[in-house]
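Please see the structure below; I have some questions.
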Amino acid sequence: MQKRVEKSGKAGKKAAKVRRRQAADDDTVITALGLKSAPPSDAMAAYFKKCEEKLGFVPNVLKAYAFDMGKLEAFVAMYNDLMLAPSGLSKLEREMIAVAVSSANRCYYCLTAHGAAVRALGEDPVLGELMVMNFRAARLSKRERAMLDFAVKLTVEPWAVEETDRDALRKAGFSARDIWDIAAVAGFFNMSNRVATATDMRPNSVYHRQAR
Amino acid sequence: MQKRVEKSGKAGKKAAKVRRRQAADDDTVITALGLKSAPPSDAMAAYFKKCEEKLGFVPNVLKAYAFDMGKLEAFVAMYNDLMLAPSGLSKLEREMIAVAVSSANRCYYCLTAHGAAVRALGEDPVLGELMVMNFRAARLSKRERAMLDFAVKLTVEPWAVEETDRDALRKAGFSARDIWDIAAVAGFFNMSNRVATATDMRPNSVYHRQAR
Amino acid sequence: MQKRVEKSGKAGKKAAKVRRRQAADDDTVITALGLKSAPPSDAMAAYFKKCEEKLGFVPNVLKAYAFDMGKLEAFVAMYNDLMLAPSGLSKLEREMIAVAVSSANRCYYCLTAHGAAVRALGEDPVLGELMVMNFRAARLSKRERAMLDFAVKLTVEPWAVEETDRDALRKAGFSARDIWDIAAVAGFFNMSNRVATATDMRPNSVYHRQAR
Amino acid sequence: MQKRVEKSGKAGKKAAKVRRRQAADDDTVITALGLKSAPPSDAMAAYFKKCEEKLGFVPNVLKAYAFDMGKLEAFVAMYNDLMLAPSGLSKLEREMIAVAVSSANRCYYCLTAHGAAVRALGEDPVLGELMVMNFRAARLSKRERAMLDFAVKLTVEPWAVEETDRDALRKAGFSARDIWDIAAVAGFFNMSNRVATATDMRPNSVYHRQAR
Amino acid sequence: MQKRVEKSGKAGKKAAKVRRRQAADDDTVITALGLKSAPPSDAMAAYFKKCEEKLGFVPNVLKAYAFDMGKLEAFVAMYNDLMLAPSGLSKLEREMIAVAVSSANRCYYCLTAHGAAVRALGEDPVLGELMVMNFRAARLSKRERAMLDFAVKLTVEPWAVEETDRDALRKAGFSARDIWDIAAVAGFFNMSNRVATATDMRPNSVYHRQAR
Amino acid sequence: MQKRVEKSGKAGKKAAKVRRRQAADDDTVITALGLKSAPPSDAMAAYFKKCEEKLGFVPNVLKAYAFDMGKLEAFVAMYNDLMLAPSGLSKLEREMIAVAVSSANRCYYCLTAHGAAVRALGEDPVLGELMVMNFRAARLSKRERAMLDFAVKLTVEPWAVEETDRDALRKAGFSARDIWDIAAVAGFFNMSNRVATATDMRPNSVYHRQAR
């Protein structure tokens, strides 16, 4: 036995060394597809610059889309409208939906990037972990719970969402427009989760340490 | 028994009358949310006009998004890029992905609208039915089958999509860019299916009779 | 890119040609098993003749069973009793169960043949589509909804059907005998769906255009 | 604590007494529907008599169908053809399919009645238990395993059964006709399981002790 | 056909002979791992002797763990505490949980060994069968049903167990300590089921005939 | 809209305040059952002291079991044997199994406590996140991947684990004893996950910041 343990120990150390490089690699090899970036449009060059200034880095998802400016611009326009434009949902609530949906779909990229956003926006590191692990274990308000129950049911059995589900949101105080926004954010991450997993998209390593 | 049958017959007729109105209703009550259309932007007014000219009608999904011009424009930009812009995937192939994904998610709106598109683009009414019912029963080329296997796996168990799945696409002749497009179209309909079901979006009744 | 698109275009046209033949093939190569028809019994010869006269064709499922007259006669006897004999359920209701069950099981043959029956009996083309796509999206009476909820639960998680489920049918006005009939029709299509899929049974192509 | 245990003990004894009556009740209250038996047709009266002579009792499923002679006769004809008529599958093999399918669907009636049949026909009490509990744990021949893998896949994900599954049966030595029979028996129990569970059908208590 | 039947008959007989040996083999080849028993500690030697005296045999699960006395002692300590120590749950109730959980996980070893325990402790052979086949078909007290509903939900979707589930137990009369015990027994068999299946652990053949 | 946003903002701040207290609460209200600690046995008093010295705190799971010294001692004995005693699996490998299993079961307690252990033992914060989120996205050695594939399949479909699965471990270099250990660790966390979720067990808040 002892010999095997040591061998395993050696193999383990080598594997660990390989693995420790993975966070670093995540910042350079962003997808499994190897698509070459296109020349940035003016709008996107400005947007990347703004990311650098505000966040200190360009989120890898943007670099992944940058092989085609039309696709990148369409993605950025939809993302910013959904996550940043005025809404009856707070930015934190929208990020909570993002993470609960990404947890149902087990998407490494989105759980990492948006888990950090929940930790930061909520000023609550544990809340980010709970959204990643199991939102049902969090101490949520009735409003938050109704919102996430709807978003997660819409993710795992969309065919079964009906008027009773919309009514549960209405009873929790959500307006018709709020229901649209919950559906649209949940829908958007059901898209992003799949694009990210399909291409093995890697999150910027900086997210892991943010707002812990 | 006879009496019950008749009663059931009467109730049945009444129910049938109610139901026959539903296709007509689908053209007027487009979602369960009752959001009021916003004044159209110039771009969107022109786009709706173009729809009327080319299709003879404005797809209900566009009317559903029209409560907010920012959201409508972002949706239209992404949709047109994905489904109509140049790609290694033909337009029919993109529509086949749309319907196979929507079948996995059982989305009434998307199955109706994009089922019609497959029937029309494929000049093959039965192909549309097969995508709606079970794509595995269709007589597909190896390329088509690999594409749909990937899109449907990405839909029903996204967490399990890995390098072996991408390799299956490469072996079927798809390029890195093609893989992105398959993922992006499959992802988009995983979003649209959920927005449509969450809001009980109804397809234009005209789709049902198209290209039969 | 352009070159790839064209190649895809050529391959696409060839694939389309292959596919367009599939509806025609569906009328000649009925199963993947290639079992040879047995000499028809007098009763079955008469029954096939009656089908030709009333429907204009012999449903492929009957041709599929015709390799053995004992099996064909047993199938016909059970089918006709369930779907055509007097019952508290109307014929349309029985066909709605048939299609909702076949949708849960994604059976190409039964969705095609009985989808056409719902369109015709209901004088409602959209109702047939809704049963195929997602019965929950249809505007159903309480009676119809309770009936389909029971039939579909019995299909997807039979082990969980209990007295509370039977009570839901009773509250919707169904008698003990009606409950039997709902269960028997749902059960029958759970059998037929599996025999059809296991043998790759193909529906008569004429169904696709019926009652649109 | 001690007090609660005793209370639980008393409640337990009472519950046990109630439960012990359940096997006896299974012989008298056969379904939850309370449908009254119809006057037996000559054929069915003779068949019930034959059951009494050969088995010592009339299987409850037949009594359950006896509210309508047309339904009973159709069921008996199909059952006897499938389970008793000549086939490339032995009677034991057909019963093994019956139990493995009923296990996937967790049907109390069919597991009890056909579990007894496997024990008796196989002269192997443990084989019956294995079919009820998990057929994968049994020491099966390649032929038996291929047959049950097909039948159980057809039961739990019928939409995914394809040519490769039929090929696996062909490689295990099954003919086209054998494939039909495997599908037909698996299909039949997918029907019977659902009719039995939907009506809370109770198996004759005598089955439990047979061939142990 | 006739020829194939005979061939199948011969192959069937041979297969049956092979299979009949399997119960016997179950008593000698206890797991698929072939781990050699360690010299018994004094405590475990005494425990095995006690098993022989009380049961007439040493349960195979103990022999399976006997390659390592530390693991065996830890297993025995936890098992005896959970299943035999004082509790608000009767021993029969604990065994009912064991079997209902093992049925959800389809574990041959545990269903066989603990199915026998339910038959014996309940003095009710049919109850044991019902726990193995589908606990929902049993005539249970409200207390028993609430207990098994909790244990089985905890088994099949542990992430969804919440305060409402605990409240259902409280309403059925269970104390906080009882809830712990239900969870702990259900948890323990979720462990044992997996160790048994992972190692192909075989139950002592004597269980099959006990308390029928 | 603006008004609603503000209202949501206020509600959001209040909810955030409530939530921020939850990590603190996690250290004081350890389960939803409110069981009172029993007087510690000498062995357990010493063990708790050792935890304080080595870890700086007593893991909440131990406090949760402390209402009954027999249960606590059995749990500690089994845990220490499995996770700390000599094995062909390194301690990191055992913790990786713990987290991958707990991710499949979405257990907040175990993901938090053992996620921290993976981060610390692997000297690799990202590896801990990957085990929590989706082990398939990690850059693993063949040995690690085979080990986790087995553990997770054993968790989500235990009934389907067979000789081919054990062979995959053997091919990856695991001995019979290693296979036992993989199964035993995976089994143990399938138990612990369920006891933790059933009782709403809360992890010590200190884990969240460890080894980031």
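Order as written gives the chain letters A, B, C, D, E and F; numbering starts at 1 within each chain.
Please note the rule applied: contacts are C-beta pairs under 8 Å (C-beta built on N, C-alpha and C of every residue); 3 or more make two chains touch, one makes a residue touch a chain.
Because the structure is predicted, anything quoted here is derived from the model rather than measured.
J.: Determine the set of chains touching chain D that also touch chain E.
T.: Touching chain D and chain E alike, sorted by label: C, F.
J.: From chain A, which chain is the farthest off, judged by mean CA positions?
T.: Of all the other chains, the one whose centre lies farthest from chain A is D.
J.: Among all chains, whose Cα centre is located farthest from the one for chain C?
T.: F
J.: So which has more C-beta pairs touching, A-B or C-E?
T.: Most contacts of the two pairs: A-B.
J.: Please tell me the distance, in whole Å, between the geometric centres of chain C and chain D computed from their C-alpha atoms.
T.: Roughly 25 Å, centre to centre.
J.: Please report how many Å separate the Cα centroid of chain A from that of chain C, as a whole number.
T.: Averaging C-alpha atoms per chain gives centres 42 Å apart.
J.: Between chain C and chain F, what is the separation of their C-alpha centroids in Å?
T.: 49
J.: Multi-chain contacts in chain D: which residues touch at least two other chains?
T.: 106-107, 134, 159, 162, 177, 197, 200
J.: Thinking of each chain as a vertex joined to the chains it touches, would you call that graph a line, ring, star, complete, or other?
T.: Drawn as a graph, the chains match no named shape, so other.
J.: Give the pairs of chains that touch; include all such pairs.
T.: A-B, A-C, A-E, A-F, B-C, B-D, B-F, C-D, C-E, D-E, D-F, E-F
J.: Going by the contact rule set out above, which residues of chain E touch chain C in the complex?
T.: Residues of chain E touching chain C: 134, 136.
J.: Mind listing the chain B positions that touch chain F in their complex?
T.: Residues of chain B touching chain F: 159-160, 162.
J.: Report the residues of chain D in contact with chain C in the complex, numbered from low to high.
T.: Residues in contact with chain C: 32-35, 67, 70-71, 73-75, 77-78, 81, 85, 105-107, 150, 154-155, 158-159, 161-163, 165-166, 176-177, 179-180, 182-184, 186-188, 190-195, 197-200.
J.: What part of chain D is in contact with chain E in the complex they form?
T.: Those residues of chain D that touch chain E are 1-2, 4-5, 8-9, 11-12, 15-16, 18-20, 22-23, 25-26, 86-90, 92-93, 103, 106-108, 111-112, 122-127, 129-130, 132-134, 137-141, 143-144, 175, 177-178, 197, 200, 205, 208-209, 212.
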